[in-house]
Amino acid sequence: MNKICTGAEEAIRDIPDGAVLMLGGFGLCGIPENCISALVKKRVTGLTCISNNAGVDDFGIGLMLMQQQVKKMISSYVGENAEFERQLLSGELEVELIPQGTLATRCMAAGYGMPAIFTPAGVGTEVATGKETRRFNGKDYLLEYAFEADFAIVKAWKGDTMGNLIYKDTARNFNPLMAMAGKITIAEVEELVPAGELDPNMIHTPGIYVHRIFQGKDYEKRIEQRTVLSKK
Amino acid sequence: MAIDKNQIAQRIARELKDGYYVNLGIGIPTLVANYIPAGINVVLQSENGLLGMGPFPEAGKEDPDLINAGKQTITTIPGSSFFDSAMSFGMIRAGKVDLTVLGAMEVSDTGDIANWKIPGKMVKGMGGAMDLVASAKNIIVAMMHTNPKGESKLLPACSLPLTGVRCVKKVLTDLALMDITDEGFLLLERAPGVSVDEIQAKTAGRLVVRGEIPEMVFG
Amino acid sequence: MNKICTGAEEAIRDIPDGAVLMLGGFGLCGIPENCISALVKKRVTGLTCISNNAGVDDFGIGLMLMQQQVKKMISSYVGENAEFERQLLSGELEVELIPQGTLATRCMAAGYGMPAIFTPAGVGTEVATGKETRRFNGKDYLLEYAFEADFAIVKAWKGDTMGNLIYKDTARNFNPLMAMAGKITIAEVEELVPAGELDPNMIHTPGIYVHRIFQGKDYEKRIEQRTVLSKK
Amino acid sequence: MAIDKNQIAQRIARELKDGYYVNLGIGIPTLVANYIPAGINVVLQSENGLLGMGPFPEAGKEDPDLINAGKQTITTIPGSSFFDSAMSFGMIRAGKVDLTVLGAMEVSDTGDIANWKIPGKMVKGMGGAMDLVASAKNIIVAMMHTNPKGESKLLPACSLPLTGVRCVKKVLTDLALMDITDEGFLLLERAPGVSVDEIQAKTAGRLVVRGEIPEMVFG
């Protein structure tokens, strides 16, 4: 059992054109920077990307958009990205917008072997178009299907050689959910430690869900909205 | 005179009760955190995976791994907890959050809300708004009474694509505080110096005015 | 906001006859010993208990069965309990047996605001009787409804004054799931600490799900099957 | 001669591949852990919430908070992880567990399994068995070929209430190793000294015998 890769290039080596990818992160927080760089370098194209956001013009998934590697984005919020907007309006890029909780739960459903879930998000709105609605206890819910991806690419804070992952603060977000939903799950971590060094009670993603792991490098961790207390 | 966004936040803060778990949307709702009354403990939920959001960090102490749903750098209070986005929306969907405050482009007199899309303009996405409005037990909308063109944002029916249906319980604008009832917007309080006639004139949806309407008081 | 109780008696003070309870634990591991003792002392009756197991004759839920406080058990496995068997065969006790994963997921569904879930467990068996079956991707699933309880009673290792909980080892089991599913959730913990002492990244049950908490005492932690390595 | 339960465990252990995640049921399946071939790393899942189950503890080192699905005190290996029962059955349901080994009272020649209930006797419950058999990619049943009365447990159809339908892939008994195929039980190996005729006589379901059937070899 060897899950360890030397780096992002090896970890993403077999991602083909046209693959369906999940990419963890919320905004620019907790995104798999190393794998995104490697995908940009590899110039794999025709990708469907399931990710809560689409990065900004010069960081995150924005870097892949810049090279027109993405055919379709499935996201909940895609603002703050001029090139994205241009491709969308020109018809080069397909976009499916879904509520954030629905996105999260559809990933979790795949990891839990549940083919579909019920959520009230979007009932009575255009999101409900063409979807099955069902009433439980007097409230309407939409039937939403589990999301699966050929590759799920996530970023964690610490990981071990068995693939166990721990996330830090709000960089957790979609990462543990997508980690469960990949046919192949690739994890990049800030610190890779030998099996046995992480407290088994504190594992967020058990290694069974992780197929490849490597210690990333040169994390920029860009801040999108730097806000500080104003001086009194 | 119409109240400003800080006064809107201040007035909404009076709706908070001790022990509330509260989700504050982006914009004016975020300001509510600055006006939590003394002696009242509330826990702020950030739907990207945090209970116990604190104030913005001091300059130099920003942590890129610690942001709120508006992608702003933040801090945590003692007793906070982090979790993934499925659990975050799980607790929202299960009605564990006591109060949700968010902005809107339009609200109907039956409680429909539109706040995510303007057809013909660039669409940015609904983020977590549809999940929040579909599940929150108690939703207060904080917004301007009219749009920049002077048109009412309180309508008989929303003209923009909906975010949620029959979900808003209360609306606070720069002019008035209203409950949403079966009869429409029930006027509860006026901004200081704003007349009922002005509120009536700027409310396109059904407005119910019953008896004397008190003015909001700001200390 | 004060969630802290002086002890089990105060925490369970308003549990009425006929209440629907969830009780955490797997076998005798991670069971809320203090609350069970208090329920036995209070002699509240007519209870419906949702718990993976029913304890043994002289420990756990078995103590409540001994006093005939339980009207109905909803469990996945109820062996190892002679008094339970007697009451079941005599018709004094009603029992609903459901697959363990279904039980767990129905609790989680309540905590996640999902009215129902799909699971393949029990398809083609007597468990499927009267249930809706639905095919997704060529496989059949049962529709199973979320479980809610008037009171969920759980046991954690550590807790803080905000109600945040951390469990230890396999004593976690059903506890975090049931903690999410109670209209009122009561947590007994081995160690109660001030808010801020637990690492916010390592919380298993966020305090929003917990209404009452107290530091338990005199834990027996009985072992059901003591097994050790045979000496070579 | 029929093989004993340790030999059954030993033979099943040869089905393990490096990197497998394995769920071992109560009884004979538990013994498989004692025969994991050298050079092969497998991770044992215990459905009460553990990946990386280790051997029983030394006397005096039992921890009541650390048990397996059979409620036995156990230990963990380095790199183990704990999780709740929903995630545990989630990973089972999602097919992340590579191999499940469990006992049975009856198996049909179409892969149905009955192992939880005998009508008229005290019913203890299915525990996690129905979840496991409904979702596992690869299920091996380990059991005796006949019941204490000498009746075949390999049947055209189960007579006892089912645990799962068309799910078993392989059966290993004290007499034989068989695949379950569209044609029925396909005989793969015989216990040392046990004849095909004996296996045939003790198999009530369809048995397919094709060519020479090798004997199992134990080192």
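Every chain is named by a letter (A, B, C and D) in the order it is written, and numbering of its residues begins at 1.
Everything that follows uses one rule, which is that a contact is a pair of C-beta atoms (placed from the backbone, for glycine too) under 8 Å apart; a residue touches a chain by one contact, two chains touch by 3 or more.
Just so it is clear, the model here is predicted, and its values are computed rather than measured.
Across A-B and A-D, the chain pair carrying more C-beta contacts is A-B. Put simply, the C-alpha centre of chain A and that of chain B have 28 angstrom between them.
In this assembly, the C-alpha centroid of chain B lies 56 Å from the C-alpha centroid of chain D. In this assembly, the C-alpha centroid of chain B lies 37 Å from the C-alpha centroid of chain C. Shared interface positions of chain B, i.e. residues touching 2 or more other chains, are given as 82-83, 86, 89-90, 92-93, 135. Residue positions 105, 112-114, 119-120, 167-169, 172, 200-201 of chain C are each in touch with at least two other chains. Chains touching one another form the pairs A-B, A-C, A-D, B-C, C-D.
Remark: chain D residues 46-50, 55-68, 70-74, 76, 82-86, 88-90, 92-93, 112, 122-131, 134-135, 161-166 touch chain C in the complex.
Every residue of chain D that touches chain A in the complex is listed here, in rising order: 18-19, 21, 41, 43, 45, 51-52, 76, 78-83, 86-87, 89-97, 135.
Interface residues of chain A facing chain B in the complex, by the touch rule stated above, are 26-30, 52, 75-79, 85, 88-89, 97, 99-105, 107-108, 119-127, 157, 167-177, 204, 221-229, 231.
Note for the complex: chain C touches chain B at residues 1, 110-114, 160-162, 164, 180, 194-196, 198, 200-201, 203, 206-209.
By the touch rule above, chain C contacts chain A in their complex via residues 105, 112-120, 136-137, 139, 141, 145, 166-169, 172, 200-202.
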